[in-house]
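Shared between the two complexes below is chain A, which has chain B as its partner in the first and chain C in the second.
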Partner chain A sequence: MALVKKSALWIAYLLALLSLPQFFDSVLAISIFNQMAIAIVFALSYNMLLGQGGMLSFGHAVYFGLGGFLAVHALIMIEFETVYFSIIWIPLVGGFIGLLAALFIGTFSTHKAGTVFAMISLGIGELIAASSLIFVSFFGGEAGVSGDRTFGPPFFGVEWFQNVEIYYLAVAWVFIATLFMYLFTQTPAGKMANAVRDNPERAEFIGYSARRVRYITFCAAGLFAGVAGGLFALNYEFITEENLNAATSGRVLLSAYIGGLGYFIGPIVGAVILTLMNSLLSNYSDLWMLYLGIMFLLTVLFLPRGFAGFIMMHQVAWIRGTMKQLIVPYLLSGIPAVVFVMSSIALIELSHTEDAEFYYLGLTFDSNGAMDFGLIALVAIGALVCVRKSLPQLKAAWESANEVIDETGESES
Partner chain B sequence: MTVLSLRNVTKNFGETEIIRGVSLDIEKGEKHAIIGPNGAGKSTLFHLISGLYGVTGGSIKFKEQEIQNKQPYEINRLGLARSFQVTNIFARLNVFENVRCALLWSSGYKYSFWHLLGRQKELNEKALEVLEQIGLKDKMHFPAGELAYAHQRALELGIAIASGAEVIMLDEPVAGMSHSEAENAVELIRKITAGKTLIMVEHDMNIVFDVADRISVLVYGEVIACDKPENIRANPKVQEAYLGEVVGSA
Partner chain C sequence: MLEVFIFATLNGLVTGLLLFMLASGLTLIFSMMGVLNFAHASFYMLGAYFAYSISLYFGFWSGLIFAPIIVGVLGALVERYGLRRVHQQGHVAELVFTFGLAFLIEEAVQFFWGADTKNYQSPDLLDFPLFTLFGQEFPAYRGFMIGISVAIFIGLYYVLTKSRIGIIIQAAITHPHTVSNLGHNVPLIFMGVFGVGSALAGVAGVIAGPVLTTFPGMAVVLGSIVFVIVVIGGLGSLAGAFIASILIGLLQSYAIASNLGMPDLLNLLGLEFGRDHPLTDLWTLTLPQIAPILPFLLLVLVLIFRPTGLMGKREQ
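This part shows the complex of A and B:
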């Protein structure tokens, strides 16, 4: 039964991925979906390190970037007929180089987890990023390298001119990569990665070298980061130093964390949120990185298990059928919370804008007038007070919905 | 037959000598207790035998093999398992996964990333058997970190014995337990170490004299006596150094 349920989930995942372009078929939507596909594989590979293996890395973009660079070089080689194979295998090329890099770097970086590992990952990240500007023949300097995916043998007549064709190829790879990363968590090496994350000392007393376990996880994460790099190369047909530097490493950390590290689905959620913010929010505001930073802070402070953790918190209430008790309390706290967030954004944007007039949510504000500024600040403060006032009722409703009923039928909260 | 043999084992931390020339032979199937006042070096001795610390001098032989320079996982693979004074489990894994992880190496899975654990029928049945033994089968899906203290101690034992190691070392297995919890724990220890060699550090003298075939008394890093419980009880040196009041009041 469990197998049927799990298979159904995987089929639903595949169908969801495949059907997206049926509902959103604009060029922008397809471009965002492609970015999401890449971000999902990359974030899941990062989760193998941090969520599954307890290794906080500040340099995971190295494997993504190296995979991507070699993938672009493979495209160039296909173009010049040095090699001859279909570009559908390009993500494998990326994965191979990601794995090779991890096989080498892991020999000295996985001795310890914690601060030592984090610092080595940071150092390696900086080293490779700096090297990419030095070894211009391979990395192409600041301009990067570019290829053309339309060469090579067509795949059942598909010549990869359209982004939507790349999307379906990406879906295949995302599905395969997600499946294999999930299956890895169900193997002895994957489960021992969790054990070493929780307690490396004890793992050594049940026959396992914590270092070896970390090394295997690290290599697997490198492989899948490389696959994501290969997908990036296919989608954009170029790659630069920016794709293997600390900023890219930071972004994948953010997406895995915001999504929720403790859950397999967490990084997928995080990758989707971050891609949407990156692609859509950046059209509306130059300050989107600021909002991303604030969101990260709020997630760490109030949702330490990320968005996936927030959703999973409701499991008990869902099973018990007490979810409906939460709807009104959520609305009572949620509406003023949204008003507070929106008015705070208005205040930030109003202070930032250089135009005389500021358009926001269908309203026009005078960016030089203290009156408008004060009015919005008043709304923000009022909303915040409402949120504070409404929290006790939300807490009470939450406790009531999640009350533990013991075998005698008596409740113990 | 001697299964574990220590010869002139010393351990210094900087200038301080913690273990000062310990020699000890543990026979196969023996239930051996190591006692001594706080700070005598009992846990350090455990750490030396199990490989957590390297020795400063001397040798430790397990089944005729020198193990004093081996890593904990290498020693464990030879058939020596241990528990810890402070509960040392995999807190975010559930109870079943804790025990199953402890079974993996001895079941030959090593670092495999091609076996799906859900499909390993024999392994999963073995894990359930261990859970049955330690009385935690009904809590198998609980995250280990959320168990009650006594249950965590039972799981600690379960992890130690799961691999089927022939020598089990228990470091204060009933520390912090109530009287009734301790009684249950002793019963459990008897049950799960039947037919195996047991080395135990314990402060509760009633339990020590009840369980042990032989007792070593460690004082300031030296073994001052190693004998049967009745002889240890009667040994004036031991009484003077450690046991007098405790035995008298017991």
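This part shows the complex of A and C:
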């Protein structure tokens, strides 16, 4: 029964991926979907490392980037007919290179988890990023290297001129990668990775080498990061040093964390949120990175398990049917909270804009007038007061929703 | 050759001492709370920016005094309302928090000051050559940088080892519970140390801003190198951090000043490769080219062969 339920979930996931271009078929939408596909695989591979294996990495872009560079070089080789195969296998090339790099680097970086691992990953990341600017013939310096995906044998008549064709290819790879990464969590190695993350000492006592378990997880994460790099190469047909430096490593950490570590679906949520912010929000405001930073810090402080964790928090209340007790308190705190966030954004934008007039949510504000500024500030402060006033109520409602569960749980057992 | 060597040494010393000013605060914070503060270099950047803004109205010297104070207060607030909250969730969460903070501070600096480089000038008072050697001038401002760093270290050393507060701090590092039982407010001590460490980074920013240029990327440029130093020196060891700072400062300075490279090595071995050799980038590599990656190379080597660092204690 459980298997049927799970398979149904996977089929729904595949169908959702496949049907997306039917609803949103603009050029922009397809390009955003392609970015999402890449980000999802990359974030999932990062979660494998941090969420599952407990290894905080500041250099995961190395495997993504190396895979991507080799993939672009493979595209070039196809173009010059050094090798002859369809470009649908390019992500495998990337994955293979990611795996090779992880096999080598993992031999010395997986001795310890925690701070030591984080530092080594940072060092390796900086080392490779800096080297990539030195070895110009392979990495192409600051301009990067570029290829062309339209050469090579066509695949059932498809010659990859359009992004939507790449989207379907990416969907296939995303689905395969997601499935394999999920299956990995179910293998003994995946379960042991959790054990080593939580208590390496005990894992060693029952006869597992913590280092070896970490090494296996690390290599698997490298493999899938490389697959994501290969997808990147196929989508953009070029890759630069930026794709393997610390900024890219930082972004994947952000997306995995915001989505929710430890939940398989978390990084997918995070990757979708970050891609949307990156491609949509950046059209409206050049301050979107500031908002991203604020959002990330708030997540770390108040939602340590991310968005997925926030949703999962309600699992018990959902099963017990006490969710309806929470609706009113949520609305009472949520509406002023949204007002506060929106008016804060208005304040930030208003003080940043260079135009004389500022349009926001259908309203026009005078950028130089103290009047408009004060008005928004007043709304923000009022909303904040409302949030603070309503919070105790929310807390009480939350506790009562969970208290009932405890009592019934006791009486049942 | 000698003049190149002497000036490279002096410049390396300036960089090394500057790096130590950052590394000392980072090490102190690490040995207290066990968290490597990713945002430490961001406080250094904030120091430079605050000092720049203050210097526009009140001159360089007011900036030197007030900017570190502002940064120190900010640091204390971050500890009180941020780190202390995340602390319950373990070291990884703390590291991630400081990482996010560094990200946010960089964006905030661009929001308040803009993305362009600021014209933060050293004071006119120090705008003269300190001495002239082999026809090259050594600016007085660099001498001032050496002087102020050395003065701060002596002060820090004195406070930590001789004063009553320093002794309590040292005790709180190793035996926080005992110190707490003796009636001292340990969380307050932690907050204070975090604030002072941030203020030290702020001082470094104030005096480095005019030399290393004040721009939003300055934290990233120095941040990872300071991390490297703290790890190479041995986590939690002030002496190790000092040695590693000077080592890295000199190493980079010598590498930049020298003009040696692979071609010289190949000449020595009597080998020769054509321009179109596939590894031509490798055969034409020079030391100044690889100077930026030397610290990271050293970091990886140290972590592989001596994970505790130069002066680190054995891991429990």
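Going forward, the second predicted complex is superposed on the first by the 403 of 413 C-alpha atoms of A that agree within 3 Å, B and C clash if a C-alpha of one lies under 4 Å from a C-alpha of the other, contacts with A are read in each partner's own complex, and residues count from 1 in each chain.
We take it that contacts are C-beta pairs under 8 Å (C-beta built on N, C-alpha and C of every residue); 3 or more make two chains touch, one makes a residue touch a chain.
It should be emphasised that the depicted structure is a prediction, and the values quoted were computed from it without experimental measurement.
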Touching partner for A:Leu363 - first (chain B), second (chain C), both, neither: neither
Touched partner set for A:Ala396, first chain B, second chain C, both or neither: neither
Winner by number of chain A residues touched, once chain B and chain C are compared: C
Partner chain(s) touched by A:Leu297 [first = chain B, second = chain C, both, neither]: second
Chain B versus chain C as contact partner of A:Tyr208, first or second or both or neither: first
Residue ranges of chain A in contact with chain C within the complex: 50, 54, 56, 58, 108, 111-112, 114-116, 118-120, 122-124, 126-127, 130-131, 134-138, 246, 250, 253-254, 257, 287, 289-290, 292-294, 296-297, 300-301, 304, 348, 352
Interface residues, chain A side, partner chain B - complex: 183-184, 186-192, 194-195, 197-199, 201-209, 212-213, 216, 220, 262
Sites on chain C touched by chain A in the complex: 36, 82, 85-86, 89, 91-93, 95-97, 99-101, 103-104, 106-108, 110-111, 220, 224, 227-228, 231, 235, 278, 280-282, 285, 289-290, 292-293, 296-297, 299-300, 303-304, 307
Residues of chain B touching chain A in the complex: 50-52, 71-73, 76-77, 81-82, 84, 88-93, 97, 100-102, 104-106, 109-118, 159, 162-163
